[in-house]
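Shared chain: subunit A. Partners: subunit B in the first complex, subunit C in the second.
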Partner chain A sequence: MKINLGKQFGRYPAGRYLADGPFNGQKFREEFLIPALKGPDDEIEIDLSDARGLKSSFLEESFGGLVRAGYEADELIRRFKFISRDPSLVEEILEYIRNQDQDF
Partner chain B sequence: MENPWTNAVTWLMVFIGWAVVHRATLIRDRRKEKREISMQICKDIADLQTAAIDFHTASQFDARKSADLGQQVERIILRLQKSPLGELEIPLQNLIRLRRKTTLLNIDASNFSSQPAGSQIIFDIRNAATDLIICIEDTRERIWE
Partner chain C sequence: MVNREWRKVNRDTASKMSRQRRKNRKNVLSKYIPALRYYAPRVVAIDHPDHRSELLEFLTRLRYHYNNKQNIPLVIDFSNTTHFISAGTLLLYAELNRLIAFNNNSVKLRCTEPVNDRASQVLKQIGIYRLCSNRSTVKPTSDDVVHWQVVQGQLVDNSLCAPTIEGFQDRIDASMIDELLGGLGEAMTNAIHHAYDDIRQDGLKYKGSSDWWMFSQAKDSHLSVVFCDLGIGIPTTLPLKRPGIWEKLILRIPTPTDGDCIREAIVEGRTRTGLHGRGYGLGNIVDVVENIPNGVVNVYSNKGRYDSRKDSPYPIDYNDSILGTLIMWNVPMKLLSNRSGL
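Let's look at the complex of A and B:
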């Protein structure tokens, strides 16, 4: 299973909740990540390369929100494979998965 | 009659001397160029800090400025990981901290509230930006001076 954030969801994803605009983190989590996790594929490739200006609030709500929704961090880390030009983005997402309540 | 080998050795010595000086000049120029690029990124980080504080202390949420902050921080972080600034090997944690402190809290319309100048958010932005600038300057002095 492959998800291209910039091409399938929005080139400029932004915002945490539905009220924050059409390409928010809650929507990405509910319409892309959770269906992919419920799907048959074990490995889920998430390509961040085509998205621009990603903010931490979007990343935290998308991925940290999965842990709040009941998914195990270990399972998420095992199943998600990230593609990005920016290694700091991937590391930040992994931090939100591991410690989803640290800052937020 | 002059030995032709003496002439050749003289020219060879001249060429080697020129090559050594030329190489040293190139290295010095390249190092100067890298220092200038690193000074520019420090200025850009300071500008980002100013823009972030302006955004968070504004009386109303500004969607355009929120988007601009995301892109500004993205460009800075990408440049710090590419040549030549990538040679500085700035720890990822410093980069993550800059993005997180600038764009995690109070950045969206749904949770925006005007921050007083002494709020924790403003304090954290200043610290993240300053720590990153210091890290760049220290590393630059160590490897490019």
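Let's look at the complex of A and C:
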């Protein structure tokens, strides 16, 4: 399973909740990540390289929000494979999955 | 005989029409209300304390007019204005938009043009003449004016800002564009989640919508990107939205200034993820310039200010509040080879 964030979802993802704007984290989680996780138990490749301006609100809501929705952090880390020009971006996402925090 | 009567009818009609014209003119004159004139400051800026006070007093007078003298036309007199500095100019533009929305454009707003030609070009370029229904024929031609752009929105939507920021892709690196767009997205998210939670203390008792404004200016070898919201400000939201940070702060500083509050929110946000250059919230916004040599970020909120430079020439606390939050990134640009002769 492959998801190209910039091409399939939006080139400028930002914001957290549905009411925030058109390309928010909740929408990405609900329309792309959760359906992919419900599919066959294999690797999900998430290509971040065509998206611009990725920052914490969108990333935390997309990926940290999966743990809040009941997914196990270990399962997410096992199944997600990220492609990005910026390794710190992948580190940040993994951090949100490992240390999901309701107080953000 | 017939002719004489015909002339009399004509005379009577002419006299009646003349009486009607006089009456109409009198009615028009009785409805005429002279406009009140407000002089804009010579320098529109918020960093230097004197310039800031002049601009904020001017904005207070405009707000008072919109709140209390709605039937009186208003003229902003820019004749003495010679300098528009980006942060102050965006604040002025945002306030005018808010005031126009406040009473649904019912105050007749006009302006007089600056004597200074470049200043006049700026007003044309960013749309203040349009807000004031001024049909100035001035054409923005100065190299440092034609690159001023304003964007306004009410949602977290970077596709609005992207064409402006990506327009500089031949002069700044792709990673810098990424960082600026990321900073803008976080600033929009903060504005929409926190800034408009309560009534702004500007006397209008008007909440308005969650508006934000973005402004970019390419000047010399630097790109300035300024973002502004007219909400309640970081020092007001900190105790309400981040009680943990607030409690830590007041343990160290029992009566923190607005500058202390901004710095605390930034420092906490920068360390929250534990990753270098990848902060959270306000930390993210400041991290935009983390890896950019000579990149500078300023955060103004209410009376406070944060400056990423260690040798900042301006204070971190002022006497007067901008009644909102304004973030300004300043990054160096590459010189274009075909511009070397300019």
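Operating definition for what follows: the second predicted complex is superposed on the first by the 101 of 104 C-alpha atoms of A that agree within 3 Å, B and C clash if a C-alpha of one lies under 4 Å from a C-alpha of the other, contacts with A are read in each partner's own complex, and residues count from 1 in each chain.
In the analysis below, a contact is a pair of C-beta atoms (placed from the backbone, for glycine too) under 8 Å apart; a residue touches a chain by one contact, two chains touch by 3 or more.
Given the structure is predicted, the values throughout are model-derived calculations rather than measurements.
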Ask   = For the overlay on subunit A, clash or fit between subunit B and subunit C?
value = clash
Query = Which partner does A:11 reach: the first (subunit B), the second (subunit C), both, or neither?
reply = second
Message = Quick one: is A:88 in contact with subunit B, with subunit C, with both, or with neither? Answer first, second, both or neither.
response = both
Query = Which partner does A:23 reach: the first (subunit B), the second (subunit C), both, or neither?
reply = second
Task = Applying the touch criterion given at the start, work out whether A:74 contacts subunit B, subunit C, both or neither, answering first, second, both or neither.
result = neither
Ask   = After superposition on the shared chain, which partner residues are touched by A:55: those of subunit B (first), subunit C (second), both, or neither?
value = both
Key: First (subunit B), second (subunit C), both or neither touched by A:31   = neither
Request  = Check subunit A for residues that touch subunit B in one structure and subunit C in the other, and list them.
outcome  = 12, 14-16, 20-21, 24, 52-57, 60, 86, 88, 91-92, 95, 103-104
Remark   = Interface with subunit C, subunit A side, in the complex: residues 10-16, 20-24, 52-58, 60, 86, 88-89, 91-92, 95, 103-104
Complex contact set, residues of subunit B against subunit A = 63, 66-67, 69-71, 73-74, 77-78, 81, 92, 95-96, 99-100, 102-105, 107-111
Request  = Please give the residue numbers of subunit C that touch subunit A in the complex, ascending.
outcome  = 155-159, 162, 175, 177-186, 188-189, 192-193, 244, 273-281, 284
Query = Any idea which subunit A residues touch subunit B in the complex?
reply = 12, 14-17, 19-21, 24, 52-57, 60, 85-88, 91-92, 95, 103-104
